[in-house]
Amino acid sequence: MGKDGLEITLNIVKMLVIFLVMVQLVPVLVWLERRVSAFMQNRFGPNRVGPLGLIQLLADAVKFLFKEPFFPEKGMAVMYYGAPIMALIPGALALAAIPLGTPFHLEEADWNLFGFIPLGHHPAYDFILQGYDFGVGIVIVLGVSSLGAYSLLMAGWGSSNKYSLLGALRASAQMVSYELALGLSLVGILMVFNTFSFYDIVAQQNPANPLTFNFLGTVHTMPWWIPNWGIFYNPLGALIFFCASFAETNRLPFDLPEAEGELVAGFHTEYGGFALLMFYIGEYGHMMVASALMATFYFGGYTIPYVSNEAVATFVSNTHHFLGAFDLSIHSNWAAFVTSLCFFVSMLVKILFFLLIFIWVRWTLPRFRYDQLMDLGWKTMLPWALFNTCLTAVWLAISHKPV
Amino acid sequence: MLSSQDFLFYFLGALSLIFGLGVVLYRNPIYSALCLVITMISVAGIFATLDAWFIAGVQLIVYAGAVTVLFVMVLMLFDLKHEMKTFSKGVIGNGVKLASSGVLLGMFSTYIWATYATEPTFKPMAAGATSSIKATKDLATSLFTSYLFAFEVIGLLLLVIAVGAVTLSRITGGTHHHAD
Amino acid sequence: MNNQVLFAILLLAPLVGFLINGFRWKSHNATLAGTIATAMVFISFLCSLGLVSQLFGANAVPSVGAKFFDWINVGGLQVPAAFVIDHISAIMVLVVTGVGTLIHLFSVGYMSHDERPAKYFAYLNLFLFNMLLLILGENLLLMFVGWEGVGLCSYLLIGFWFTDADKAAAGMKAFITNRIGDAGFLLGIFTLFFLFGTVSFSEIIARLPNLAEVGWSGPITLACLFLFVGATGKSAQIPLYVWLPDAMAGPTPVSALIHAATMVTAGVYMIVRLNPLFLLAPNALHVVATVGCATAFFAATIGLTQWDIKKILAYSTVSQLGYMFLACGVGAFGAGLFHVMTHAFFKALMFLGSGSVIHAMHEEQDVRKMGGLRKYLPITHATFLIGWLAIIGIPPFAGFFSKDEILWQSFSSPLGNKVLWIFGVATAGLTSFYMTRLMCLTFWGKSRVSKDVHPHEAPAVMWIPLAVLAVLSTVGGWIGIPAVIGGGDNWLERWFEGVIREPSAFGEPIHSHTLEWSAMGISLSLAVIMATLAYTFYVSNPSLPGRLTQKFHGLYRLIYNKYFVDEFYFGSLINPLVDASKGLWAYVDVNFIDRTTYVIGDVVRGVGSTAKSIQNGNMQQYAMYIALGLAVTMFLILR
Amino acid sequence: MPINPAAWKVGLDHYLYLSSLLFVFGMLGVLMRRNVIVILMCIELMLNAVNISFIAFSRYAENVNGQVMVFFVMTIAAAEAAVGLALAVTVFKKFREVNIRFFEHLKG
């Protein structure tokens, strides 16, 4: 959890921040979804409440808060109330593990909050834009995301409703089987990058050096305009990963569990009010994690495409004078802070881009039947993922990529 | 004062013990299954405190994520209506069982106390992130060099188990048997 | 042809005969089976002639031998399957094969109506093979094999008509009594092997110490006593003679061959073979002599009162065997063997004669229903007459020379004494009385034959052997004419010189001729007197014996019932044994042994059922046991 | 209460005590419970206890064999759970109730 008091507190604060980011982002996404779906259906979507309907988010939140919490008569209280909480945990933990920006270094100084509250003297500290740096990040992320199935099961069982139980079982079966495909598809790219830690992966996708393939000794460098991203090393893995992530989050093409006529809302039929909202948060959390992973592995993470990391750092320091006017007490770390901010913005843009695709796909593709769903999962995704792993292994062996 | 590592160990240890006992004592199997989940997660945490991050991750994926889900799903499928007695009958039997486990526990602890009375402390691991990657690399290399045969056999075993489980579950007869 | 081949043919011919007849045992063709059997025995007779001839003539060889293979070669015990004919066994082999051939010829006629002739001839040939083994064997073990074989064949032949219960019982009785004797013989072989480390005759004799033993407990005396027990069993002496009279249940030629000529003399032959050994144990010889003399006298008395023709001859055989043992007992081994030969001739003659009488009288054996058969069976009568004259010891015939030699030796030999001679002479008198009685009751006197029986003379194949035997009975004696009569020395003695030793170690025999002549005169006159007495008893006035028996009623009944020896044996040995075992069975077996087995069974079942309760399928209980076991082991290890 | 920091410093024995306690809990569960599924869960518990001690020793002895062993134990445990549950399902299908006693019918 950290070597000393400062680090522990900082870690806790970061966890809270990330959790809040996840929670706050959800209304935006809901709004975005309603707008985009409306746009795609050639209608307007919420635009009455505030400019472009942005206040609609607040209205929804208030509505959910004041809904009457209702508990099914023979339901199991622990399960019923535990399920929504369980839905939030995996999303938050997974997001904490993904680096959202470059770490920046704080010199040794005595800090004071907002310039006047003394926080005491503290040694140099590398502030990483990440919840906590697990060494083997991806394994932890996969592990945590597999816990998602429990919230469904608890919800299904707790609401003691036969149909919600059926929905829950189907959903968890789907999650478990697609988790397999998810994990295996990543193996390919991990072999290429030869590491589990997110920082190394992103570092290897540094736009400074162009995309290079060496094939039996001869090195082919791609034209400058193709960024040095992971997707070009392992396109098939990216495709499988993206599709599997749809299934993981029960997003549309795979949202069968709550789609049947009699299953209505699947495992969260008996929930209303804020509990239902928590399930949405959980779902969107998973989506964010999936898109964050997508970005980190295949689209260069927080790097800005055509601009190398050092270029950004120099640019910021040049503009430093111009911004000098706001002489904040920690100005000495100012440059590092701003550069990591830039990277954070690029990461955010990428994540939003993928979320857009999630939403976009939701309103285009029809739903799978359950057996098609399962067949796809076991009989196509899994074999292809294995094939991809073997392919990359062979390709790596041939291309003698320096290990 | 306690280092974070120690605190984490005591917290997770207590967690796993309490919910471990919960697994055994809860009358309703569903609750004991959920206790098992929490125990698994806390054990994964304990692995983390022992700087075995990859194994912690695998534990989360395999145990917490798959095996216990299987348990919970099967229990839900059974949907036991009537609640049966949780513990097996026979006072003497139970007495002997308790006694033997007590003696066993006593033996374990005295043995541990006897051999490790000198407070063996762990040598500090290398700095956080990088070392866990190296540990994972070592694990992978040893798994695929010295224990390659075992790895292959385990693969084969899993195949056999899969086939076995399928055939077992396909056994017709019993309540749902419909002459087809 | 060298000796090896001759010996092989000699021995194997009867065996081949046995195998041929054995495999065709169901056939009813008596003549075919008979001719095969007789031919085989005749072949072995010719071979023995060929071999014995090598002992005569210019380049006479003391003994002729042949070794076939190493039968037993274990540590100290080397027993080669080797056979030897020396001066002693020459005589025996000639007698056995010669008389054997004649008897085989006779039984062709005698067994012609039997329904299993092939089986009979097979047994007979097997008997001959075993007898040859016994005689020619170079060591005690081979002799023992023959000894057992012969016992077996006598059992088979006595009980030949085993469908009849008491004939089978007689066979069994013969076999068991023989076995008792064989046990003694075996112990004798063991002691000899223990003493001399070898079982071969020549080696034993070579390794004998040259000083005679004194007292009873010496090893050699012990060995000799054991061997003598074997001899009594086989040659029917006092304690173990009971089987011979009952052995008459077998067919008559069998009695002739086995119970007159060959098998019963095996005991005497064995002692004569080991005479140097016996000479080293004077006390043993005394035992032999006394038992021999007692058996002779005892059997002769029983012979007086018997009515069955074959029983009379059986008891006469027992008494004559007594004579032979008496001869050996006093150290006159040569005389003993000489009497064996002569007895073989006339006893076989008489048995075959009685056979043809029985054959003629259609299986009638009781002399009270015979009489005056002279007219009907002239040849049988003539030959029987010669046999009778030989047995009571009338000079020109064989019996006189051999019996007289024995009597003289018992008188004159250093080992002999007066009492033995007196009993000997008395037995000779008794013998002539009951033999003449037999002659009167069967051939002379009034015919008591029942109306429906028409005795007819025996066919040629039966009376030829009778004639040959008659000639042999007369001529046989002349080879052993004592020096005092025939001038020159006794041919037979010179023949046995190399092999049979004189009891000179115990003092000088009496050499006075006058005593010899007087002893001869006494025995001859006694024989003639007793013969005339018997003639008057049974022919001139037949009622005399009836009145005599009334007067000495008690004595008569005692003798008639054979001194109740059988009953005594049953009473003292057999029945208590049987009752004891019944008692043991009833009490010990049922109560203790069965009871304990049942108890053990119940205990095991009890333990089993308690143990069963552990495996009741309750898996948690199994887990509990595992846990318990783990706890206990941990406790024990880490305590 | 005086916290004696040395005593509270986590060493190898702490992990071993923890794992033996968990193991005994699992064992008690296996011995006492009647429901087959719960028994299987308790077996999983015991296996986890063993895993803890494996990792503790591997960390203490600074070599990676312990982790390899845990890797294998996990696969075996998964396999065992699968077969166990399949059996439980078949038993349930026949007897409408999952109770360790029903395995008695399998005894010879």
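Letters A, B, C and D mark the chains in the order given here, with residues in each chain numbered from 1 onward.
Please note the rule applied: a contact is a pair of C-beta atoms (placed from the backbone, for glycine too) under 8 Å apart; a residue touches a chain by one contact, two chains touch by 3 or more.
Source: prediction; values computed, not measured.
*Asks:* Looking at B-D and B-C, which pair shares more C-beta contacts?
*Replies:* Taking the two pairs in turn, the one with more contacts turns out to be B-D.
*Asks:* Roughly how many whole angstrom separate the Cα centroids of subunit B and subunit D?
*Replies:* Measuring from centre to centre gives 5 Å for this pair.
*Asks:* Could you give the separation in Å between the centres of subunit A and subunit C, each centre being the mean of its C-alpha atoms?
*Replies:* 120
*Asks:* Roughly how many whole angstrom separate the Cα centroids of subunit B and subunit C?
*Replies:* Their C-alpha centroids are separated by 95 Å.
*Asks:* For subunit C and subunit D, what's the span in angstrom between their mean Cα positions?
*Replies:* That gives a centre separation of 91 Å.
*Asks:* Residue numbers in subunit A touching 2 or more other chains?
*Replies:* There are none in subunit A.
*Asks:* Where does subunit C touch two or more other chains at once, residue-wise?
*Replies:* In subunit C, 620, 624, 627 touch at least two other chains.
*Asks:* Can you list the subunit B residues in contact with two or more other chains?
*Replies:* 54, 58-59, 66, 77, 88, 97, 101, 104, 108, 135
*Asks:* Which chains touch, pair by pair?
*Replies:* All touching pairs, sorted by chain label, are A-B, B-C, B-D, C-D.
*Asks:* Which of the residues in subunit B come into contact with subunit C in the complex?
*Replies:* 88, 93, 96-97, 99-101, 103-104, 107-108, 110-111, 114
*Asks:* What does subunit C use to touch subunit B in their complex?
*Replies:* Interface residues on subunit C, with respect to subunit B: 620-621, 624, 627-628, 630-632, 634-635, 638.
*Asks:* Which of the residues in subunit D come into contact with subunit C in the complex?
*Replies:* Counting only subunit D, the residues touching subunit C are 27, 30-32, 100-101, 103-107.
*Asks:* Which positions of subunit A touch subunit B when the two form their complex?
*Replies:* On the subunit A side, the touching residues are 1-3, 8, 76, 78-79, 82, 133-136, 139-140, 142-144, 146-147, 149-150, 153-154, 156-157, 165, 168-169, 172-173, 176, 179, 183, 195-197, 199.
*Asks:* Which residues, counting only subunit B, touch subunit D once they are in their complex?
*Replies:* Its residues touching subunit D are 1-2, 5-6, 9-10, 13, 16-17, 20-21, 23-24, 29, 32-33, 36, 39-40, 43, 46-47, 49-52, 54-55, 58-59, 62-63, 66-68, 70-71, 74-75, 77-78, 80, 82, 84-88, 94, 97-98, 101, 104-105, 108-109, 112-113, 116-117, 119-123, 125, 135, 138-139, 142-143, 147, 150, 154, 157-158, 161-162, 164-165, 168-169, 171, 173-177.
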